[in-house]
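Two complexes come next, and they have one chain in common, subunit A, joined by subunit B in the first and subunit C in the second.
Right, the complex of A and B next:
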């Protein structure tokens, strides 16, 4: 969120509201246009990181529909709005304005075509599905792991045998710093020393929408199978995540999962909760 | 009498240079908690840089028991101040595994941590525990006319011995440099100042000349270069680099009317835009490379009616032109305990450019390592020891085989920089066609023989695209006129309809 431009937009809206009530009453059509511009400005400047232009176009289409729906909800307002447009087109006193609009719109269209054609071509972007749907079960070290029911076999030690649990945390830490932190980073923010060389960038485990909302079995799947094990839907996957089952034992993978939660302070989502 | 002693003791403790700045017990305790949770993984529980991560890190994590800190505002060989340690924690060490902790730890936590770090070395509690700060004046503006003087200072002080004639980190002594702990250490590449550990403002560069970098071969020039000349040297070093790397996202190939003759060398690519792309260690499959020797590659491309040529250039401390290299060379499945045990001269420097072997369907690309079973990769590989290049077909790291395509190559090494040109046909035997006005996925690998990189142990890049800019671009006038006319007609239709209805109703 960029608070400054958002506040500025709200302030302008308020100012227009009071100015127009006193000196120049605006009809609803003009208000809708002002709202449309304000929402566009808010989307384009108020959000950080900036939204892709395709997303803004999508949002503005929805906003346009909503504004039209709002206008047509009251038939008196709709009639008066249509009447205002009619008046503008028909009455001779608006002739110069009409000519200006009639020339400006095609000119703007031509300009848009020109800027589209002359802007440098952009390489095709590949979308990223944040939480790809896991398969029902996976096969790791010759055993079938049912992802809907599998739990971390060492999680119960957290309450029953804290010393043994601490050993699993320590082992997970060793695994993390031997294998993971070059990309996922010292603080698990996805900003390791090699993160800048990868696209998509590595996952940020501090982000409350990553491991905090996932079950441990889901993490086990992502770690064991890596990018090569991603489902074929919504390809292409460009992830560089290795399939760690080739290098780590099951226990090591469960241990590093425990360490991820210990380090970030998050709790894994309990098994059986709706995904 | 007792009172006098107390007053004297207070005065001694309060005077700069003698007093210690060790924080409160509470701060050190708080610092220990943070240290154990965040720092011990690399720096070790005892602050001695003995940890699970040490073997895989270059530069190695700092050993706090030594009291040697690179970044200091104090004299050469002196301890850092608390503020210095806080700044290192806050800002991290760029292009190492030490991240900036600002925003993650609060200012008071960083301070507590700094006081805890001081407990690892007794020196901080000793008579020289809180040395005087050497003030760094604010930098005078950059002056172009200072560069000649700066270059003279650079030469007079033998900077080139380590940093190279043009500052690329490739001086004649570079190969033999070791840090205080006997680890090999590479001199800074001055043409990439974003990698400077102790930050890279003009004041920071001046301060590094003034205080040196403790624990490294970088000495202090406080005595040997006067202030004015140090600023001239700052200007010279400043002139060698941009602020930030400006990594590219694509490579634009420019059309050429005349055939591409490799004997023309890099001049072939005059006018073709250069893209600088990051190279990072291959950490995904066995042969993992935790500290690749190369951190970036510059790519240019040109094409003709039926050929395409790529110019790949990168900085490398030394050229390894003996031995050999190949993507299919076997690598150990697990890392050896001492990763640096190979012999210099066994592996040569090498480079590869990779594209999908077939015309890609949709956006799906081969796995960027060496392809996969489903989608093969065409690997244009040049072993720089032999100055020959070949095309290989990769279906995963375990299956890299010779292909039918032929390419030409030439490579030169000059003053710390490799420059390699690879040329092939736009239509590959394996199916891919570099078509005009389209994006073809492309990725790169660099092998630094000095670093024992071979086979899958290498520096890699993610997928990028090469775009063949059309030789003739169509004018925008026609589509502009077309769309303007369509919009105008719609407008006139609406206006006409409204007016017609109005007149009919009026009549």
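Right, the complex of A and C next:
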């Protein structure tokens, strides 16, 4: 968060409030306009890293709708606001203000068009789908793995034979640091030494919205088949993940999955739920 | 094409003959209309349709195509239109019977009239539903013969009860409508209840067919039926049944309210305005009451889909269709906002409501905040530079708002806030007189405060527990919100028993923009239904029956979001054109009877007489009659 601009916006709002109570009473329309500008300024400058413009547009659309609803939910206030606009347009004492508005609106529009066109060309924005849907089954090492029912064959050792389970964790650790950490990083935040070369950067496994939400069979599919095994829907996936089935055994892939969950402290999503 | 016609005839005999042989006169007219439309479709198919993927030797192609438009789009639009009308026809009797019962118990004739006003919409709508249903069947048989054949093979035993129930629905519906005031109230209410039971049973059967396509059960690896009951009672059958029952109520209430708004805007007298204002209010009251538990039912449906197959779940909520859920969130957010807006405007007709006006801004702030949380995507649409600045498509701060923990919390708070608006509306002109009024208010406030804290706490806790536990946390959230609504309502009833009144509700005293809010709500409900109907069907992607029958047609691809949005929008526009016809035809019932225009000579004579001038030469004198 950028606290300084946020504090500044709040201070300005308080100052305007104080000023309007004492010297310059404002009607509801003017207040809502001030709120609109304040919220926009807060979203545009108060959050670090900056929000993408698409999300600011979405939020401001919702805010605008809410403010219009607030204004028109009270018939007296709405009438008063319309009267104020009429007065501003019609009465000679507001002529200078009207001229300023009449010039400022097209000028701001022109400035926006100019700044957009004069900035260097950008590839179009894209909405990335983060979880590719897995197929019903995959073929690994000549065997069909049903992803809806497949479970980690070594997971049960966690309770039945902890020593054996620890060996699988250790094996997973070795495999991870031999193969995965170059991209996914030594603390699994997707910030490995090669990560800066990718767009988007590799997944952050510490994020509670990645592996914590997935079943182990899903991870097995992603590791085994990598980018070449991604589905044709929702492309482009923009993934550089190798198909690790060509380099690792099934056991090694299951072991590294165990290590991912052990390291991050998350539990894999369980399979099967009430029907 | 001859084969198509023969098979179509055979199917028609199987499916429709029972219905056709034993129906009442109005239903017969409907069936003939449906038959005619179907016949036209078959003739059109015969003339223009081309078998796809069929060699000259093959008599039974898997698909047939149409010129200019894809078979999938045709099926899509027809099915959605049928569904929307069916939802409306099933919903209206539910609340019509309840309103009629209230009128019966209280002796207030206005409720009886209101129930009748709603029921009047049914007659034309039922005909449209049946016609569209017939069209859907014919299109399915002609365009997707192999799929139809498979579904018929699996569900053949369900067709007979379906047709019988359909017949009974026609009987009960027309008896309920035409028998208004003709039977004793108890008999009439019985007819209404039977109409509801039969309609619900019909929906349950049809739901079995479509849910089987998503989560097939009761079949072996070759797709052969092993248990009809398992095929019916598949993973999402009951969640869809419940979800649709509630959604139908919300949709039917919203369309009924739109009818009230339509009549309000055209009303000539204050009495008419008052009646239709009340009708609009009752319609939207029903819609909002049904809307409140709807997200819970939707969540249950989502859980079952995920439980059946994680691929389906991920496709739905995290993959290809996840962006449609953002559109859905925006639409539902708009629904809540518009519903609250209507309630706030409605408070203008109640003396004493001004006491609560200052609370609107706080309610609006909560609604806006929850709306924003619900509509925040997990991965953001960003330019390359923006994505680089964020370090990926996830924003480190907004990221936490993109998952179900945040969204469940937001929707629960949205529901509670809407309930508070209702509560303020309800007590707007009342002054509690009971001795424990202050304590009662404090207890109510305490319940709200505790539940809000509990819901937010569980939402935050969801980030620190495993996925299975997190999913489970949604249940206490839901139960606590339900507890708050029920307990506060019960306290409120006793709190305002024998209360003083600050003034009466002046029905009809409401700005016109409130009526446009009702139109907005009805259109948004329809749009939402279209969108989520597409998502439910589309998540199968390249499967007709998931994992069993693959889609090998030329349409076996997932359309872009823009294209899907366009088809849904076109469907909604067509639906409202139909609804405009329903409103117009229903409105004819209240019009004066047609009177033949007088002959010109007679008119001239009357005009001349009025002006006290001489009758023009050659004019016919009015006859004595």
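Definition applied: the second predicted complex is superposed on the first by the 257 of 275 C-alpha atoms of A that agree within 3 Å, B and C clash if a C-alpha of one lies under 4 Å from a C-alpha of the other, contacts with A are read in each partner's own complex, and residues count from 1 in each chain.
Just so it is clear, a residue touches a chain if its C-beta (ideal position, glycine included) is under 8 Å from a C-beta of that chain, and two chains touch if they have at least 3 such contacts.
These figures come from a predicted structure and were not determined experimentally.
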Query raised in the report: If you stack the two complexes on chain A, which partner ends up touching A:123: first (subunit B), second (subunit C), both, or neither?
Result: both
Query - Of subunit B and subunit C, the chain that contacts the larger number of subunit A residues - result: C
Query raised in the report: Just subunit B (first), just subunit C (second), both, or neither: which does A:212 touch?
Result: second
**Report entry** First, second, both or neither for A:5, with subunit B first and subunit C second
**Finding:** neither
**Report entry** First, second, both or neither for A:107, with subunit B first and subunit C second
**Finding:** first
Report task. Classify the contacts of A:199 with the two partner chains as first (subunit B alone), second (subunit C alone), both, or neither. Result -> both
Report task. With the two complexes superposed on chain A, say which partner A:42 touches: subunit B (first), subunit C (second), both, or neither. Result -> neither
Query raised in the report: After lining up the shared chain so the two structures overlap, which partner does A:185 touch, if you call subunit B first and subunit C second: first, second, both or neither?
Result: first
Query raised in the report: Which parts of subunit A are in contact with subunit B and also with subunit C?
Result: 123-124, 126, 199
Report summary line: Within the complex, subunit C is touched by subunit A residues 1, 47, 49-55, 58-59, 62-63, 65-66, 69-70, 72-75, 122-136, 147-148, 190, 199-201, 204, 207-209, 212-215, 217-218, 233-234, 266-275
Report summary line: Interface with subunit A, subunit B side, in the complex: residues 37-38, 41-42, 51-53, 56, 95-99, 101, 104, 247, 249-250, 252, 278-281, 283-286, 290, 334, 362-365, 367-368, 372, 437, 439, 460-465, 467, 476, 479-481, 483-485, 487-488, 491-492, 494-495, 498-499, 502
Query raised in the report: What residues of subunit A sit close enough to touch subunit B in their complex?
Result: 85-86, 89-90, 98, 102, 105-107, 109-110, 112-114, 117-118, 120-121, 123-124, 126, 173-174, 176-179, 181-183, 185-187, 189, 191-194, 196-199, 227-228, 235-236, 238, 240, 242, 247, 263
Requested in this report: Would you mind writing out the residues of subunit C in touch with subunit A in their complex?
Outcome: 235, 303-304, 306-312, 314-315, 318-320, 322-323, 330, 333-334, 337, 340-341, 344-345, 348, 357, 360-361, 364, 367-368, 371-372, 375-399, 402-403, 463-464, 466-468, 471, 511, 513, 541, 547, 558
